[in-house]
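For reference, the structure I am asking about is given below.
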Amino acid sequence: MGAKVVTHIERVDAATIAGLAQAGVATVHEAQGRTGLLASHMRPIYSGARIAGSAVTISAPPGDNWMIHVAIEQLKEGDILVLSPTSPCEDGYFGDLLATSAMARGCIGLVIDAGVRDVRDLTQMGFPVWSKTVFAQGTVKATLGSVNVPVVCAGVMVNPGDVIVADDDGVCIVPRETAVAVLEKAREREANEEAKRARLRAGELGLDIYNMRGRLAELGLRYE
Amino acid sequence: MGAKVVTHIERVDAATIAGLAQAGVATVHEAQGRTGLLASHMRPIYSGARIAGSAVTISAPPGDNWMIHVAIEQLKEGDILVLSPTSPCEDGYFGDLLATSAMARGCIGLVIDAGVRDVRDLTQMGFPVWSKTVFAQGTVKATLGSVNVPVVCAGVMVNPGDVIVADDDGVCIVPRETAVAVLEKAREREANEEAKRARLRAGELGLDIYNMRGRLAELGLRYE
Amino acid sequence: MGAKVVTHIERVDAATIAGLAQAGVATVHEAQGRTGLLASHMRPIYSGARIAGSAVTISAPPGDNWMIHVAIEQLKEGDILVLSPTSPCEDGYFGDLLATSAMARGCIGLVIDAGVRDVRDLTQMGFPVWSKTVFAQGTVKATLGSVNVPVVCAGVMVNPGDVIVADDDGVCIVPRETAVAVLEKAREREANEEAKRARLRAGELGLDIYNMRGRLAELGLRYE
Amino acid sequence: MGAKVVTHIERVDAATIAGLAQAGVATVHEAQGRTGLLASHMRPIYSGARIAGSAVTISAPPGDNWMIHVAIEQLKEGDILVLSPTSPCEDGYFGDLLATSAMARGCIGLVIDAGVRDVRDLTQMGFPVWSKTVFAQGTVKATLGSVNVPVVCAGVMVNPGDVIVADDDGVCIVPRETAVAVLEKAREREANEEAKRARLRAGELGLDIYNMRGRLAELGLRYE
Amino acid sequence: MGAKVVTHIERVDAATIAGLAQAGVATVHEAQGRTGLLASHMRPIYSGARIAGSAVTISAPPGDNWMIHVAIEQLKEGDILVLSPTSPCEDGYFGDLLATSAMARGCIGLVIDAGVRDVRDLTQMGFPVWSKTVFAQGTVKATLGSVNVPVVCAGVMVNPGDVIVADDDGVCIVPRETAVAVLEKAREREANEEAKRARLRAGELGLDIYNMRGRLAELGLRYE
Amino acid sequence: MGAKVVTHIERVDAATIAGLAQAGVATVHEAQGRTGLLASHMRPIYSGARIAGSAVTISAPPGDNWMIHVAIEQLKEGDILVLSPTSPCEDGYFGDLLATSAMARGCIGLVIDAGVRDVRDLTQMGFPVWSKTVFAQGTVKATLGSVNVPVVCAGVMVNPGDVIVADDDGVCIVPRETAVAVLEKAREREANEEAKRARLRAGELGLDIYNMRGRLAELGLRYE
């Protein structure tokens, strides 16, 4: 159970990842059976980012960001760092220097169930972060953690190489093994929604489109 | 105590509603004796919206958005949907499809003591939402609730047809019966404030404008 | 232990304050040994503000904003109001009228461990506020508090005349006595960081720049 | 909308109230259609109390307990005080002196969406309190509130004279008008549960007693 | 990804489970490298319970306790039910009837990241529960979930058959595969602690027993 | 600003401390002008403890309990340890071994704005703790902190040697310099309350005892 770094992880192909980014969090979450959503306290530091990438995971002690340096060496182009502290923490593990380093190694974003700082700089750099809070509190480099091991982040199991999808709605995890199938379902869902959107926009009611009136009456809904 | 839909509700006239929207949450709240304010966790998904409308209320089970479809049929031009779950819930009851449908029926916004999703789309559509959280978590359509019944939403009693005033400060409820009187008081308050604003801007002190020095001294305030 | 107003307080010179503003919260917090940071719930009402100023402190009863009027008389050009309620409170102590008055007396911002309202107006006026929440709830003027006494605000001791540094990362307090020394350290830190930023941007790793590999191995980090 | 005291309120008969106390919170809540339950943060200061009584309601400003003195004059034998602050507050509005006074006037408990203090004394006196928190913070007597007006307490509308049922599970409100009918349903429910309890105790499964297997299969539950 | 029930799960032998119960949460958590601890909001409904058992897991929709009936059929002597809702929920999924049924089938306790009710009855029955809250809110039986699938409960991955250790300190999960090894380490730890406890009780300092003074001085700790 | 241990601190005489313990938290808090109360999240691990003692303070990094060992060496008979983490933390810094050691050195309790574990053992040992939470999460010994420096604990400034008063109502800090005066006022308050308690018990109203009716009428309270 000691501290370790797994240097080789499997990743999903780039096209699938791009497709999941384009589908977005809500659609992907639905497409995989309403699973994979990180807790609602995970919010973006700025609006409008919409990304997907392979998870490089970090299990770090509270208030200790040493392992982020270790993780950055493991990054490949298009990866997303995912940090889960070993106990609840709000400290600012990550700021503009680490973002500079991570971006230089291909990283496109950070998901952290703790705090982040230098958010003005990160915004200007276009480096999106989904975090529990914004907090400038500094951290130490004293205790080991692990990189690329399974972690539970904000209530969801994340394995290294899983696809992270993140946008203004939050963050959703797609297990590596099912990513292709989930993308397919997401596309079906989108196609299906497009037709419904047009009918709803025209003023048709969901009650009619989805044939709900019968079941509502059967369950006893009364109109007064 | 069964599930029901009240199909006819009284509404306040459009001019009064427009006046209340223009007065805004803080002024309206003061004008009606510092009442009616929803809890501070009710935040807008984007800045700058400033609306008022008649409440079409929804009492929905946790994680079940079926009644929103039922409520949309009851909407009239300018209405605002108000959803209160029957127990605390963060799920994303509402997204872009429901917003498309609600807008097509005249709805101008949503107040929900739960979660909302597709916030990027909703922002682009210009459909404002005040919610407890942003969360993509999907919901089911399995259990009945009620539409246009009195609900307590974020700590405040809301009757169908009450006027909902919402802006960047939050959400305030104006009972239908007192809306005209409240608007009148709000306007008096605004007029009164305008004069004071000018004096304060010129550097005069509230201590003098409001004659506070005597009472402060009487209660024992010491200057050192 | 009665209510009082201290009319004369020492302030730090303007150049030091300007330097601290420019350094920003995260750097200043680090420069003074990772101290002085207000709790993470203190968030700005709009993004992009970046200020520093001398603290004029207010200890106020819950739901009673009378002492803000008293404090405004004590303001000098460039000051920042710091309000701590005597027990937890979310009420909207401060809005556009008080901001108009405070600005007319030279105030450049507010830090309040409670609520604020009229945030749309405050944003348009360019008056930045860091607060616990946005809440329109009105307050009374019935009970005394104190001005320019030491207060604990959001977990940090603030003495009148201390330098308040505030930006998108939050709020940091610099004790008056150490402000010059802290600024010097902040500048050293910035200079030091600039060199590292360039190396990191070029793809060099923190592991190498900071010589971490030896210590990591010594503590037992394994690569698999 | 000014401050007022309603001196005459209707109460439910003592036998019905006693019956509701005996049924307890969970059963009463179910019997009235899963309504009336105060938020889960309302916890008893000691275990084992199980009471019901008529609500004498108090709407009080944050940090101001003046109206409790006013309310105590309105108490009749068997009443329960219900206090809701006009904005969120944790202060200790109530302690052993007020409890002594309230008990002397027939009061059998307090439900308060704020703080309480002297809990050791209250426990020894056998005066049960359900509160949001235990907090010794003192309050003032400066601003008016109202007594025996409708209030929303911990998310539920309470009218004066409604029956308050409280035990280790929390607090449930039974509207005065429906108290007799709710008690009848509660008793039916208890009778019904007794039979089921015996079968369950004997090892029979709810799956069989309630005939659930068919519907589960129909919805697609798979056994592996 | 549909709803399912896994009917056969592997369990750890009874002696190992008994040993882990005896070691308790804090020791077991340390023995497995400071992992496995559920979030601190998981509190016992009464003090003094100290159990361990094999997890029968339940993934249930918010506000829907149907799957508990399904899970009870899968219980064996000494098992512990572990329920995780698919989104955050406080509802009272479980009360005295379900406890009667579960006990009749050998269940010795419940761990639920949601609410529980009838806590007075449960206490009298000696059926311990660790929950997020106590809340009488009723639930429906309308939507499927799964039994004996991996779940994340209060921040920790739980596989069916894992050992649940629970006492006044909270709840710790021991993976089935490592339970024997963890027990061995727990016993070593206890033996080791016993010797230290005696020395500490005699007034010797941890500073000396653990030889800390040198390292403290080396890192720069100053005595004034 | 480095880590340090102050080895000599001033303490208040034992008789004053004993008097403050006997007065209790609520009375002491009132006697010193409603100041000094730690936040309401500081709760005792068991009911009935009622202590006072001199503060030996600890400023510790999150998740690092090394400094507790250092602090124990500084304890004198009757002292109370007060630990404030440098950023928010719930970890279990303290358990039965440290309690054994602290008790052996004269310590009578712990106040910690973080977590505690082994609460069953601590209860049996009669070692009271007021903490933010109960959490078994283990901590490291890697980073320095300070002992006997001023700290802000749960919102209140604590200087080493200040008197800590703690009971079922929470924790109150009495500055060393004012302890004698505060005790005197506390006793006056108790004497004063005793007379009122008798009158209230006899059914007299606070409205009359405190002559409130006139002022209530003057402010406009209406009876209906």
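For clarity, chains are labelled A, B, C, D, E and F in written order, and residue numbers in each chain start from 1.
Operating definition for what follows: a contact is a pair of C-beta atoms (placed from the backbone, for glycine too) under 8 Å apart; a residue touches a chain by one contact, two chains touch by 3 or more.
From a predicted model like this one, the values you see are computed outputs, not experimental measurements.
When the partners of chain C are compared with those of chain E, the chains appearing in both lists are A, B, D, F. Between D-F and B-D, more C-beta contact pairs are found at D-F.
Centres computed as Cα averages put chain A at a distance of 42 Å from chain D.
As a whole-number value, the distance joining the C-alpha centres of chain A and chain F reads 42 Å. Centre-to-centre separation of chain C and chain F, using mean CA positions: 28 Å.
Residues of chain D found to touch two or more other chains are 2, 34, 40, 86-88, 90, 135, 137.
The chain pairs satisfying the stated touch condition come to A-B, A-C, A-E, A-F, B-C, B-D, B-E, C-D, C-F, D-E, D-F, E-F. Those residues of chain A whose C-beta lies close enough to touch chain E in the complex are 1-2, 32-35, 37, 39-40, 86, 88, 150, 152, 155-157. Residue ranges on chain C touching chain A, taken from their complex, read 24-26, 29-30, 34, 37, 40, 43, 47-48, 50, 167-170, 172, 193, 196-197, 200-203, 205-207, 210, 212, 216, 219-224. Those residues of chain E lying in contact with chain B across their complex are 61-64, 86-91, 135, 137, 140, 142-143. Contact residues of chain C toward chain B in the complex are 2-7, 66, 69-70, 72-73, 90, 92, 95-98, 100-101, 103-105, 115, 117-120, 123, 133-138, 141, 144.
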